[in-house]
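Both complexes shown next keep chain A, but they swap its partner, so chain B is in the first and chain C is in the second.
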Partner chain A sequence: MVTIEQVQQKLNLKVLTMGEGSTPISSAYTSDLLSDVMANGEEGGALITIQGHKNSVAVASLIGLNTIILCNGRLPADDMVEAAEEESIAILVSQENQFTVSYKLAALLGLCN
Partner chain B sequence: MQLKIDLHNHSCLSPCGSDLLLPPVLAYEAYEKGVDIIALTDHNCGRNLSAFSEACEIVGITGVYGIEVNTEEEVHLLALFETPEEGEDFSSWIESLLPKWHNIPQKLGHQLVCDVRGNITEEIDLFLYGAAAISFDNLVEIILKRGGLAIPAHIDRLSNSVLANLGFLPPLAYSAVEVVNLPPTTESNSYPVIRSSDTHFLEDVASRTTLIEATSNDFSGLKEALQKGHITL
Partner chain C sequence: MVILIVVHLNISVYTHCMQTIPINTYNSPTIISELIMRLKIKDVMTRSLISVPMGTTMREVQKLMREKRITGVPVVDNKRLLGIVSMDDIIQALDFGYIEEKVEDHMSSNLILLDEDMPISFAIKYFDRYRYHRFPVLNKEKELAGIVTTRDIITRLLWEINNEVDSLERENLAVASSEGISLEHQVYPVRKLDFENAGHASTEIKKTLKQSDLFPRTIRRAAIASYELEMNIVVHSNGGTITAQYFPDKVIIIGEDTGPGIENLDEALKQGYSTATEWIRSLGFGAGMGLPNVKSVSDDFSITSTPEKTIVKSTILFSENEKKNLDKRS
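What follows is the complex of A and B.
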């Protein structure tokens, strides 16, 4: 089991808002199409994306994702962070791309055998 | 004549639309609020157009029949037609291009088809918010060929808009472009600009409208006014 805080530290992610840092991340989904995330994301998971706007938070909230990892150093609009604070969803920023963040997180989640 | 138009509205068929927003309710509310031409544009699905058309006739308001397509680039594009049959024909084709995902009503919202009296006749299982397997550019061309109006939706929004998702406005023969904010914060490249409610809840009806100067209160009058740019925001 790996928590939001542990993921943040091990992947060296910038914290914009921490959500419930001690909550475990159970899975992850990588996509930039929000309709795809709505249909296929899993509750308790993280979203790896470059969509840095508040609709990402709305989708995360809708399906119960607890973390959004923004890639390629994308910095979101202020209203995204405000919305995430209200919904207790973590927003973490990586300088790396979606592929790299995905395989690193997969390793942390114990999915790489 | 001056007409108040509102060309972007959802009903209870859109998963994100209120379950109380039945097509006849939309038609009546728009009429009450002084709208002359009202469009129903659910996400990727035209199965409420028939009830909406009947309701518009009873209420005495000009209906326009379309959908808001989510293209493969996840850009929202309004496709509007003169008759409910044209709207249904176009939208059944779009439905066939959607990914075969199931809706989860408890999480994503109900997708309700109803009749003109507001009785729920069907709940759609296919998730209607997916991205259709057709490109934005191709779709604009197809809508225009079918005699419809092709209007990129909320181009000044950060998501699901042509500018946010493609980064530029491809030079196509749009009937108009829709903005949310006034004055428009984005370049509209001299295309006619309109505003619409993008109604998802009852209280949104007629919250953003556009005035046109038209020669007739019908689809051809609307089309001509947009072409000539006879528009007041």
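What follows is the complex of A and C.
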């Protein structure tokens, strides 16, 4: 079981809002298409994306994702962080790209065999 | 049609008397940003031009200006723009006594040109930066295609904004008249290109469903259907509503908009088909997954579309076990 806080520390992610840091992340989905996330993201998972706007939070909240990891150092619009705080969703920023964040997180979640 | 053309090389002439156009793509309302990205210069420019060939004298141009009441004339060679003779150039010619000489020797040829396929946001930026009132526009073949003026742009924008305000007013009326509906029937207005509030209807519907003992899977299906229908209204329509009807054995979610309709329904239901603009795609929408997603989570799905109205109805049935749970509660 790996929590949001552990992921944030191990992947050296910048915290914009921590959500419920002690909640475990169970899986992750990597996509910039919100309909794709909507269809395939799993409850309790993280979203790895570059979409740094409020609509990503809406999608995360609707399907129960607890973390959004923004890649390539993207900084979101202020209203995205506000929305995420309201919904208790963590927003973390990585300087790395989606591919790198994905495999690092997969390793951390023990999904690499 | 009267065409006015002025190209001054002396920029300071205008700097004191012209205000900048107060809209742009980074901090104007979303509808305006989208508008000035979507409209191309060729959509607003004036196409029918009065021009003269090489060899024309400055005197002839002066006469043409007086007759046609214009203040500038392009000089072209086989549709290729060589320069523009402005009123200023004519005054200089009169002052310095070369009014009988040929235009190619005295026209302004150091011009700023725009491409007809540029978005008008580009033209606005140029008008602000250079303080000219008009720019010649070239087509792909680098031929003179028209002239764009600040007036062309402002007139078209006002026309579009009028339509927007008109539809907002009508929407507000519709919302006012739908108040007082029972709890089993919730209606949410959804505005065109309102990405700020997009997702509100779906979030509210999810909250309502969460209060019952439905399975998370069922709530998720309803959330997906309502979100995709809501985003479809935001991205593709002139605005509309999301309605949720709650029953003991099902929830029905209806997305209804006021046009412009779906041209090809069969295509719209295929994954990957989309009519969204590049700007909308850059936000992560318009990948052609919306309607297929709704269809795949629905137990019953129907869609009707005309240019005036599109109605999409998604029914999500509760399982027998869920119904038992709900019965126990009530």
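Simple rule for what comes next: the second predicted complex is superposed on the first by the 113 of 113 C-alpha atoms of A that agree within 3 Å, B and C clash if a C-alpha of one lies under 4 Å from a C-alpha of the other, contacts with A are read in each partner's own complex, and residues count from 1 in each chain.
As a working rule, a contact is a pair of C-beta atoms (placed from the backbone, for glycine too) under 8 Å apart; a residue touches a chain by one contact, two chains touch by 3 or more.
Only a predicted model underlies this, so the values are computations on that prediction, with no experimental measurement involved.
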Which partner, chain B or chain C, touches the larger number of chain A residues?
-> C
Touching partner for A:Ser35 - first (chain B), second (chain C), both, neither = both
Just chain B (first), just chain C (second), both, or neither: which does A:His53 touch?
-> both
Give one of first, second, both or neither to describe whether A:Val81 is in contact with chain B, with chain C, with both, or with none.
-> neither
Touch check for A:Ser61: first (chain B), second (chain C), both, or neither?
-> second
Overlap the chain B and chain C contact sets on chain A and report the shared residues.
-> 33-36, 38-39, 51, 53-56, 62-64
Contacts from chain A onto chain B in the complex sit at residues 33-36, 38-40, 51, 53-56, 62-64, 77
Can you name the residues of chain C that touch chain A in the complex?
-> 195-196, 198-199, 202-203, 206, 216, 220, 223-224, 227-228, 231, 283-285, 287, 289-290, 293, 296
Touching chain C in the complex: which residues of chain A?
-> 32-36, 38-39, 43, 49, 51, 53-56, 58-59, 61-64, 79
Contact residues on chain B for chain A in the complex?
-> 70, 74, 99, 101, 107-108, 127, 129-131, 158-160, 164
